[in-house]
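Before any comments, here is the structure.
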Amino acid sequence: MSDLLRPDSITDLPGAAAALWGVLRETPPLTHCITNTVVAGFTANVLLALGAAPAMVDIVGEAEMFAGVASGVLINLGTPTPEQRAASLEAVAGAAASGTPWVLDPVAIGALPIRTALAHRLAEQRPTAIRGNASEILALAGLSAGGRGVDATDSTDAAADAAAALARRTGAVIAVSGPIDLVTDGERVLRLANGHELLTRVTGGGCALGAVMAAFLGTARNTGHDALTAVAAASLVYTIAAERAATISTGPGSFAVALLDALASVGPADVIADARVQAGAR
Amino acid sequence: MSDLLRPDSITDLPGAAAALWGVLRETPPLTHCITNTVVAGFTANVLLALGAAPAMVDIVGEAEMFAGVASGVLINLGTPTPEQRAASLEAVAGAAASGTPWVLDPVAIGALPIRTALAHRLAEQRPTAIRGNASEILALAGLSAGGRGVDATDSTDAAADAAAALARRTGAVIAVSGPIDLVTDGERVLRLANGHELLTRVTGGGCALGAVMAAFLGTARNTGHDALTAVAAASLVYTIAAERAATISTGPGSFAVALLDALASVGPADVIADARVQAGAR
Amino acid sequence: MSDLLRPDSITDLPGAAAALWGVLRETPPLTHCITNTVVAGFTANVLLALGAAPAMVDIVGEAEMFAGVASGVLINLGTPTPEQRAASLEAVAGAAASGTPWVLDPVAIGALPIRTALAHRLAEQRPTAIRGNASEILALAGLSAGGRGVDATDSTDAAADAAAALARRTGAVIAVSGPIDLVTDGERVLRLANGHELLTRVTGGGCALGAVMAAFLGTARNTGHDALTAVAAASLVYTIAAERAATISTGPGSFAVALLDALASVGPADVIADARVQAGAR
């Protein structure tokens, strides 16, 4: 990234992330999650530890109205039952009607037909952000058959062009999770170097980040920060907490516990101290 | 509460709670839970740590017969899929036919239409107990539009009159969770001051208590304690364990782990030592 | 077990288990789980800690093709919704078509009619292995009305004859979990003495073992070890990790965390050092 750009709050992303987190804790954003049954508990605990207010409302007949009153919405396709598929479409309609920001997490798309078709359909309905690993983003951009399950079989940089193209096509901020997280709105590109390998050894390590993004987007709606800043801020806060957690963990079990503790005890000042951000144009 | 009443086992609630817990551990009550997917694992672990035997049977065609053989039943409306809604009605029928005590937890009712309608319907079918936060109890009593998600936006005392009225109307013991837990059968009122704020930072912190109440009600059926005593005993045991857990926790992640350890290691004597109970008439 | 047999890799089961685990970690087997919502998160975390790659694909329209590309499949009947029941039949068809080994875990069968009927149907479709407690194996063999929920109310030895008969009838390796785990292919019988009582105080303590078996069977397909060896190896690795975890636990909460850490830190050499195996003919 030779030509650094410093537009908007991207010029001081750590500062913006710290400010957003402070506001989030003062006024917990109601974060509406339709997510998979494997990670629902962990995701709710991540949001609670962070300071947000989770609500897992994935029922037809409730999702639309709830997305209308929520601060932010996550649609995660990890275990998309018929009920959840219908509730997701309802939630997106409710979010659209009231301007609620929403995040799409196209878990394990590519070869699996049901979720892949749904992800493509949802991607065309103006998500505020899309989060996935490189394989998933490549698949959603139409450039790969996707990974095997939830593994990332492609590197984040391999998905950089696909992410930018997907951002321009959908209007969404695209976040590609990996050793270096990449966040782009199709013009600006942020590379975030915080994080820890143990996040890949805990189920929901990535899925919960999608919920954190929905929470930050909800807060950003009130502070006036743009979606790129909110999504990148969520990544920074989450991965910096993960680094702190890793220092006191002895394996993936204690890491997951320590991550929740860190999300509650790490604070805005730590984000400013620890953030490793590289900003540029694509 | 100036005029203290001391009827039945309420005169020595800590002693009754300790006795009940001792019997529960000797003869683990089979506790049938139909609960939300977010907290199912944590709830089962709470019951196992406590000494009870959990069974999450939420399938149409199985719930009715199982409620008939179980010691106690929990119906929690956190993620009420059509399958769970039908299974809940089955379970209540099975419980009624065999006299199995059952607990209704009307999670997040108020604005959300599906669960709110089901909660009102179930409340009229003679639940043994109803547990919720103040917002949920107010909503079930018809006095509030309910909270936003699972937050308590009203204080327990604000729900005291509604709880007593709901108890008299439904015949259920009403437990209102909050900084001070309030338990009433419509005549007698107990205020329980144990607990810890970290319970609100763990998903299922309240939902699991509903399951503990179902377990204690199952045991009380054999010991002859009344429902008010059983429900209050469950609250005491759970919140006293939470206090112990908080002393060795460094955040919400380690607190949830320590709570499970404490439920297995705290004992009846600790309940007698630590209980902070205020009994009276309404 | 007076007459010891030492056929195949059974002559050195600890050595075979260590070798299999080493290969598994080098090439993580994609382990397809259709499992209950109570333990899905814990199960995925167990597989990740072990070194395998979990994927919880329980959707009609995806399960068949996914079972065809997975290394191993688990069908666990703990919360068998209509969607999971149909997906299970799809997955078994996919596994059969591509020779993917699969494990049946008939959770709580016996009195509960839906899962009992499905378990009997699945058992006739050539599972590679069946894992359960003694009550469940007796029920599947037609010799008992089953336990109450997921409790084991019968000892493993009480199920030894039923397990051998079930193995011969179905062609599956049968694993009976208990204080002494019993594994048999109908001719050979292994008794494995590792493990810890705390495994029964954590929800999913048994269910996750079924997933570990599916992972080891997937690896064994490439190494040429037979199914009896793979299933016994899975039990050894899991229960030896549990023993290590118990030494640093203060209750069921910290035990579950320590088990995940141990699965990631205990290694093949520990299996050889700690294994307590008794092999024989029935």
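Think of it as A, B and C in the order they're written, each chain with its own count starting at 1.
Heads up, the rule we're going with is that a residue touches a chain if its C-beta (ideal position, glycine included) is under 8 Å from a C-beta of that chain, and two chains touch if they have at least 3 such contacts.
Not measured: the values here are computed from a predicted model.
**Q** Give a one-word verdict, same or different, on whether chain A and chain C use largely identical residue numbers at their interface, taking over half shared as same.
**A** Mostly different residues: under half of the interface numbers shared.
**Q** Report, in degrees rounded to the nearest 5, the angle of the rotation taking chain B onto chain C when the C-alpha atoms are fitted.
**A** That pair's rotation angle lands at 120 degrees.
**Q** Quick check: how many Å separate the C-alpha centres of chain A and chain C?
**A** About 34 Å, centre to centre.
**Q** Give the residues of chain C touching no fewer than two other chains, as numbers and ranges.
**A** 37, 40-41, 81, 256-257
**Q** Sort out for me which residues of chain A touch chain C in the complex.
**A** Contact set of chain A toward chain C: 36-42, 78-82, 108, 111-115, 148-151, 200-204, 250-254, 256-257.
**Q** Name, in rising order, each residue of chain C that touches chain A in their complex.
**A** Counting only chain C, the residues touching chain A are 30, 37, 40-41, 44-45, 48-49, 53-62, 65-66, 69, 81, 83, 256-265.
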